[in-house]
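Next come two complexes built around chain A: one with chain B, the other with chain C.
Moving on to the complex of A and B:
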C-alpha cells in the first residue's frame, strides 16, 4: 500500500468519524462545529477525486455559508434546547426512524456497489465540443452550455429561498433593514479584518470567475467569495444591511436568472431553440451570463444568511 | 542541486508538522481556554509558515510561489482575528476557570 493510498483511507475514516460525531453530539452548537469540520474534510475528499470545482463549492457553500446559517440558527434556538432535549421520543417512533434510516442507507449502498465498472460516462462528449464554446473547463461547459437549463433553474430556486426567508418578516417590518437588530459597538479586531479583507477578496473573486472558463472556478465560487466579503462587513457592523424594499437590491437578486432567461429566449429567434447560443457567440454570451450570475449569487447568499427584517422601514 | 532543494523541502515541512503536532497537544492538554487558544494560533501560524517555506522551491514559477505566500498571510490574518474574537467572548463570559 502506497503512502497516498494510506492517506486516502485515513481521510475516509476521518470523514466517517466526524460524521458520526456530528450526529452523536448532544449540544446543537457542538454538532454544527462538527458539521463545518465535516464539510472541510469532504472538500479534501473532492480534491482527491480530482473534482476541484466541487471542492471549492463544498468549502464555500457546504461548510462556509451553511455553517454561518446553522450557527445563527443555534443561537436563536438556545432557549428551546433544554426543553427539547428533555423530550424523548417513544420506543416505536425511534424504532421506525432507525428502520427508515437503515433502508435509505442500504438503498444508497446498493446503488453505489451495483454501479457498472467502468461507469457510463459522457465525459468524452463533454470534452469534444469545448472548442466551439470557447471554454477550456468541461465543468463550466456542462453548467453553462450543455445543462444550462438546470443551472438557470437553480438560480431561480435561490431567489425563491430569499422570498421564503423574507416572508417570515411581520407585516409592520416588511421592507425594512434585513437581518436582526445588532449591538451598536463594532468589535475592533473584526472591524479591522472587515476593512482589510474585502479589497483582496473582490480581486480573488473576480479572478476565480474569470479563470472558471479554463480552470476550476466559476460564477458560483466567485459569487460565494463576494458574499463572504459582504457578510464580514455586515458582521463587523461597519455598515447596515440594505432595506429589502430597495430597487437596486431586488434588481441585483434577479439579474442573473433574468439575463439567463433573456439569452435563452433570444435562442429561439437566432439559432432556433431555447438556450441555444448562436455559433461564434458562445464565449461572450457565457461571460455575460456568468458576470450577472456572480452578482446575483453575491447578493442572494448574504440575504439568506442574515434573515428577514425585524424592524420597520425608516 | 535538486536533491538539496528536496531535502530542504522535506526538512521544512517536517518541522512544520512538528509545530502542528505541538499545537494539537497544547489544545488537548492545556488547562484553560486562553492557553489553549495561545497554543493553537501560535503553533499553527508557525507550522503553516514552515510548510509554505518548504513548498516555495517546488512551486511552479513566481506566480505559484506568490499564491502560496498569499495563502499563508491570509490564514495568519484570519487566525489572529478569530483568536482575538474568541478571547473577547471568553473575557465577557467571566474570568477563566
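Moving on to the complex of A and C:
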C-alpha cells in the first residue's frame, strides 16, 4: 500500500466518522459544525477523484453557503430546540428509519461495486467538440453547450426558490429588507475581515469564471465566491441587503437565464436551432452567458441565505 | 432502427415544444422584474398563447401520427437533450393549459394587487409561481432526458410548495414543510437512480435507454435498483398510499386555485414520469411482480382514501382524501396496459383518461369548495345544509365532478373506469374490477354526504356575496370532465400515438 492509498483510506474513514458525528450529535449547532466539516472533507474527496469542478462547488455551496444558512437557522431555532427534542420520534420509528437508510446505503454500495469498471461514460464524446466551441474545459462545454437547457432551467429553479423564500415574509414587510441591520460603528475582527476579503474575493471570483472556459471553474463557482463576499459584508453589518422591491436587484436575479434565453432564441434565427451558437461565435457567447450567470448566482445565493424581508421598505 | 433515427432528429413543428416551455419561463422572469399588478397581466396575456401552443402540438401529433421531436442546441442525444411529445404528452399539455387558465381566472380578485399599492406579497408570489409551475409541467411532459426531467421535478417542487403556504397561517407552513420534505426525498431517490442508469448505459436519453435496456438479455443489478429508487421517489411525489401523508394537509390548506392546480396537475406530473419510466425506459423490467405491486398499492389507496374521505369533517379535506383515492386508480393501469396484449391499448387509454378526467373534476371540486368557504367562512360539512340555493352553480359543479369520480356516465371518469374494467375482465384480472366498483360506491358515498344536505330547503347565512364568475369557472371545469365522456374515437387514436408496445409479456 502506497502512502497515497493510505491517505485515501484515511480520508474515506474520516468522512464516514464526521458523517456519523453529524447524525449522532445531540445539539443542532454541533451537528451543523459536523456538516460543514463533512462538506469540506467531501470536496477533498472530489479532488482525489480528479473532479476539481465538483470539489470547488462542494466547498462553496455544500459547506460554505449552506453552512452559513444552517448556522443562522440554528441561532433562530435556539429557543425551540428543547421543545423540539421532546417531540423526537420514538425508538421504534428511529430504528426503522436507521434500518431503511442502512439497507439503501448498503444496496447502493453493492450495485456501484458491481457496476462495470470503467463505467459507461460520455466523457470522450464531450471532449470531441471543444474545438468548435472554443473552450478547453469539457465540463463548461457540457454546462453551456450540450446541456445548456438544463443549466438555464436550474437557474430558474433558484429564482423560484427566492420567490418561495420571499413569500414567507409578512404582508407589511413585503418589498423591504432582509438580513442583519447596518451596524452603528462596525468594528472588530469580522468588520476588518469584511473590508479586507472582498477585493481579494472579487478578483478570485472573476479569475475562476474567466479560466472556467479552459480549466476547472466557471459561473457557478465564481458566483458562489462573490455571494460569500456579499454575505461577509452583510454579516459584518458594513451595509444592508437591498430592498427586495428594487428593480436592479430583480434584474440581477434574472439576468443569467434572461441572457441565456435571448441567445437561445437568437439561435432559432442564425444557426437555426434554439440554444445553438453560430459558428465562430461560440466562445464570446459562452463568456457573455457565463458573465450574466455569475451575476445572477452572486445575487441569488445571498438572498436565499438571509431569508424573507423582516422590516418594511423605507 | 428507423424509429430510432426519427427520435434523434428534429421533426417539423418541433419548435412548438421549445415555445411551450419558454413562454411561461419568460412570463415568470418578466413578472418578477416588472412586478406589481403587471405580474397578473403578463400571466393572463400568456395563457391564451400557452393554450394555443398546446393545441397546436396536439394537432401536429395527431395529423402526423408521430411524436414531435426537437433537438436542443443542435446536439443530438446522448450528448445533448431532446424534447419529445407523444399523444400522452400532448393531451397533458392541453389539460395543464386549461386547468391553469381556469385557476388563474378564478384567482382574479383573490390575488389582485389593490389600487394604490405598488406590489403585494401574495399576488406577486402567486402569479410568478403559477407561471413557474406551468413551465415545470411543460418540461415534465416534453422532456426526453432523465436529468432534464430531474430539473423539471425541481422546478415543480419549488413552484408548488410555496403555493401551499401563501396565506401564511402556521398550519399551512407545517403542511408546506412536510410537502417539501417528501418532495425533496423523492428528488434525491430519483437522482440516485438516474445516476446509476447513466453509469450503466452512458446515456440519459429515454429513447436511447429503451434501446439499450431492450438489447440486454439480463438486467444488471444497478438497473433494477435504479428503477426501484426512482419509482419510490416518484411515488412519494405522487402521494400513492402509503406515501400520501403529506397530501391531505397540503392540498386542503392551500388557497383554492392552488389546491386545484396541485391536485389536478402536480401529482399527475410525477405519475406521468412513472409511466415514462416503466413503459418507455425499461419495459423489459416491468415484470408481473412489479406491476402487481404498483396496482396493489393503488387498490389500497382507493379503499383507504375513499374511507377516510367519508369520515372527514371538512369539505376541503374530503376532496383531498378523494385525491388520494383517485390517484390509486391511475396505478391500476400498470398490470393491464403493459405488454402487447389485445387489452393493453384499452387499459392505456383508460389510465390516460383517468388522469385527464380527474384533473378536470378535481380542479372543479376544489374551486367549488373555495366558493363555499369564501361565502360561508368555513367548510364544515355538517353545516352545509341548504347552500345549493345560495350557490347553485358551485354545488352543481361539485356534483358533476363527483359523477366523474364515481365513474357514472356521461363523464370522462366513466370512460376511464369502463376501459380499465373492460381490460381487467378481458385479461382475467378480476380483482382490480372489484376494487374499482367498491371505490365507485365509496365515492358515491362521500359525494352524497356533501350534495344531499346542500340541496336541502334550509336557508343559510352568507358572509360574502356570491361570485357567479367563480362559480362559473368551477362549473366550466366540471363540464370539461363530463365532455371527456363524449370523446370521439379520434381522441383515443391520439392517445395511442407513441405508446410503446412493450414486449415485457412476450419475453
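As a working rule, the second predicted complex is superposed on the first by the 292 of 314 C-alpha atoms of A that agree within 3 Å, B and C clash if a C-alpha of one lies under 4 Å from a C-alpha of the other, contacts with A are read in each partner's own complex, and residues count from 1 in each chain.
Here is the rule we go by: a residue touches a chain if its C-beta (ideal position, glycine included) is under 8 Å from a C-beta of that chain, and two chains touch if they have at least 3 such contacts.
No experiment lies behind these values; they were computed from the predicted model shown.
Colleague: Answer with first, second, both or neither: which of chain B and chain C does A:285 touch in the superposed model?
Modeller: neither
Colleague: Contacts for A:143 in the overlay, against chain B (first) and chain C (second): which applies, first, second, both or neither?
Modeller: Neither: A:143 stays clear of chain B and chain C.
Colleague: What is the contact status of A:196 with respect to chain B (first) and chain C (second): first, second, both, or neither?
Modeller: first
Colleague: For A:37, decide between first (touching chain B), second (touching chain C), both and neither.
Modeller: neither
Colleague: Comparing chain C with chain B, which touches more residues belonging to chain A?
Modeller: Answer, by number of touched residues of chain A: C.
Colleague: With the two complexes superposed on chain A, say which partner A:187 touches: chain B (first), chain C (second), both, or neither.
Modeller: A:187 contacts chain B only, not chain C.
Colleague: Please write out, lowest number first, the residues of chain A touched by both chain B and chain C across the two complexes.
Modeller: none
Colleague: In the complex, go through chain A and note every residue touching chain B.
Modeller: 187-190, 192-193, 196-197, 200
Colleague: Chain C touches which residues of chain A in the complex?
Modeller: The contact residues of chain A facing chain C are 104, 107-108, 110-112, 114-116, 119-122, 125-126, 129, 145-150, 153-154, 156-157, 159-161, 163-164, 166-171, 174-175, 245, 247, 250-251, 253-254, 257-258, 261, 264-265, 267-268, 271-277.
Colleague: Show me the residue ranges of chain C that touch chain A in the complex, using the header's touch definition.
Modeller: That would be residues 10, 15, 18, 22, 25-26, 28-29, 32-33, 35, 70-75, 78-81, 118-122, 124-125, 128-129, 132, 135, 139, 147-148, 151-152, 154-155, 158-159, 161-162, 165-166, 168, 173, 192, 196, 198-203, 220-222, 225-226, 229 of chain C.
Colleague: Which residues of chain B touch chain A once you look at their complex with the stated criterion?
Modeller: Contact set of chain B toward chain A: 74, 77-78, 80-81, 84-85, 88.
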